[in-house]
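Please see the structure below; I have some questions.
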Amino acid sequence: MLKAFYHLLARDLRLAFRSRHELANPLIFFVLVVSLFPLAVTPSADLLMVMAPGVIWVSALLSVLLSLDRLFKQDYEDGSLDQLMLSPNPLVILVLAKVFAHWLLTGLPLVLIAPLLGMFMYVPDEAISTLIFSLLLGTPVLSLVGAIGVSLTVAVNRGGVLLSLIILPLYIPILIFGANAVDVASDGMSVRGQLLFLAAVLALAISLAPLATAVALRITASR
Amino acid sequence: MFKRIWGWIQRFSSPKHFYSISGKMIPWFAISAIFLGVYGLYMGLFVAPTDYQQGESYRIIFIHVPAAWMSMFIYVVMAVSAGIGLIWQIKLADMIAAASAPIGAWFTFIALVTGSLWGKPMWGAYWVWDARLTSELILLFLYFGYMALQSSIEDQRTADKASGLLAIVGVVNIPIIHYSVQWWNTLHQGATVSKLDKPSMHVDMLIPLLVMAIAAKLFYAAIVLVRARNQVLYRERNRQWVRELVEKL
Amino acid sequence: MIDTESGKTALMLETRQLECVRDDRLLFTDLSIKLAAGEILQIEGANGSGKTSLLRILCGLRRAEEGDVYWQGEKVSQVREDFYASMVYIGHLPCIKGDLTTLENIQSLLDTRSQSAPIEEIDEALAKVGLAGFDDVPSKALSSGQRRRILLAFLFLTKAKLWIMDEPLTALDVQGVELVESMLMEHRETGGSAVFTTHHGMQLPCEMSSVTLGKGQGSKC
Amino acid sequence: MAMNKRSKRKLLVVMVLLGISLATVLALTAFEENLMYFYSPTEVNDGTAPTGRAIRVGGLVVEGTVERDSDSLLVKFDLTDGAENISIEYSGILPDLFREGQGIVAMGKLNDKKVFVADEVLAKHDENYMPPEVADALEAAEKK
């Protein structure tokens, strides 16, 4: 089972690195959207500081959402998904491998670049670590929950808008707690509660989302 | 024993049987819904005493509160019947789920509109990011997602199963969303103390409210049966019994 | 039913009263198929008669409206893992990643089945399908016929007892068709069985059963 | 393949259950944290409560401290948890149940002079039906 996990993870990472230009797209999108705000609103430090947690989190959320297509679309179109479903290994494990690969390729880069964007948006130094931690706990949930949505919509033509419609409401708790943690940390207060909550949602998502995704994939394959 | 119950369930849930049974049930639900609705509205709008704080404007709760209750109730009904359809392959359950979604969305919409109308005298603004209104708004999005997914998948069985799974995922998420919004709200502006938070409500106000709530449930039962019957006819249009039925008309 | 002594007549795949509905259309009903070891079954029928749907039902990707599929006498849903270890499905999609080399494609397909093969064996299989020397070429540089041949090499390497193939001759040239035919014969000789669809009409120098789908009814000829 | 199908499935079920219980434990721990930013007067005076940030304080209104401004809605009163007192300023209509000796929860910010400027004051019925957060605060103060 572990072997199957590892092999699929390695395959997805290898595939991603073979088309490196696509790899950077979500990251560039993230930076781009965040830098639109100072241009659209005003570059005043006071205002940006207030908006920063929300802006960074919303941008991260949209960036993950746009990259979700990568999870199953190609495998669906070239038939590899059928082969995955005919594997003697539990589909849940394979789903986990694919989601983990997706997070390594989109979520993790966002986490790593976030301090830079925090600086752009005048996030106080003491809140930067909270920004990183909240994204570290929150972005995997975005990939996990997103996987359910993609596997439901992968067979739908032009499913992009549909995907956002069904997934964004489910992202709200992560957005609330993630952004709030950064906000509270900027005031130098303890954010243990928020981070614990994000960790709780992460644990729940790891246990249940792959199951739901596996069921969703079976439904989609039943065409 | 188990087999017998299972057989009974399957017989009852066969579309043909459902069609004839529901046809007899609808008038009863519809008539009692209308009767109770009119009675409840009359009691609520004219008989119930004026509130000591909010005056007459509180009377909107006789529509707002039952609608809000229904919006959540229908979502749960939808998720449960979708789950039954998904696990036991009962087509009727899928049809009930699909038939419920638009009704639930309408109740949610009514709850939102009446909530913001009520907000004007209470908070001085039509829209306030109050925890309840926000939760209702997100619930409306969940309904939209369900309906969008249901209508964008061509194959009916696949559409039922896919949107059914989404409804179940949504129902797992509702408590998390609800808690998050509530917590976010208390943090930003303090819990709004609304009339209903207090355990006691004057009995003359409570009775019309409960009557309206029951009327709303009956109304839902009637409409969902009508809609599910339409679904049955449409989906079974190639079957013998539907053809015979149509020929009789 | 199952004759374990000779092995050749052992029942592999069976369907009982299968019914399939797609987009509110009844494709076939009451379809019962029996496939013994060493037997090759051809599914025939017009476009849209449900050939692909039947194959997807057989390998468990799609759920039948009614009826069940049995593997060696047991419901497939009960013995999914055994079934998937001894069955290989090749759909009409290529399953090939353009960014991976031929060798990597084969290895990742085998990995999915929790199988592995030594390099020499893979090279041998590639030589067999006429892809010798292509092992480190990115698959996007290959023609579609060559990509189908990668799948044939994979098919050969799985050593699966049952092959389920949807239009295996798609994109193949004359030699390719001959290759598939000889592979099927060899497979049959070793006690393997196969189900496939084709509208090219394959002529195998052996007994071949066939099932024709159409007009809402499946009938075994 | 060392494991057969049944033990694999069992392992998965166990993992899922473990994950859910971990989530529950984490969530319960999170709820124990001060997610609502609720502080007692003692915590305000010893500096645990932050200034200039929306927080909530709870306790009993000290008898004889309520001063109403004659030409505005401004009200000043003291709040106690039995150990320490803080002063609260509030401008607005107080709930009907607001009385001296009453248990209340106030939302607002601490200013630099350690005066709590409330935006909202919620009253509770009587001391016997205090909200759990007030009761906890009182209890904690008594132990000190």
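By letter and in written order, the chains are A, B, C and D; residue numbering begins at 1 in each of them.
Keep in mind that, in the parts below, contacts are C-beta pairs under 8 Å (C-beta built on N, C-alpha and C of every residue); 3 or more make two chains touch, one makes a residue touch a chain.
None of these values were measured; they are calculated from a predicted model.
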Have a look at A-D versus B-C and report the one with more C-beta pairs in contact. A-D
Hey, which chain is the most central one here, using CA centres? A
Using Cα averages as centroids, what's the distance between chain A and chain C in whole Å? 37
Gap in Å, rounded to a whole number, between the CA centres of chain C and chain B: 48
Taking each chain's mean CA coordinate, chain A and chain D are separated, in whole Å, by 34
List, in ascending order, every residue of chain A touching at least 2 other chains. 88, 201, 208, 222-223
Mind pulling the residue numbers of chain D that touch at least two other chains? 1, 35, 37
For chain B, what residues touch not just one other chain but two or more? 155, 157, 183, 187
In the complex with chain C, residue positions of chain B that touch it: 154-157, 235, 237-238
Which residues of chain A touch chain B in the complex? 148, 152-153, 155-156, 159, 162, 165-166, 168-170, 172-173, 176-177, 180, 201, 208, 212, 215-216, 219-220, 222-223
In their shared complex, at which residues does chain D touch chain A? 1, 3, 8-9, 11-12, 15-20, 22-27, 29-31, 33-35, 37, 50, 52-53
Which of the residues in chain C end up touching chain A in this complex? 56, 59-63, 80-81, 84-85, 87-89, 91-97, 99-100, 104, 108-109, 111-114
Under the stated contact criterion, what part of chain A meets chain C in this complex? 3-4, 7-8, 11, 14-15, 18-19, 74, 77-80, 82-89, 221-223
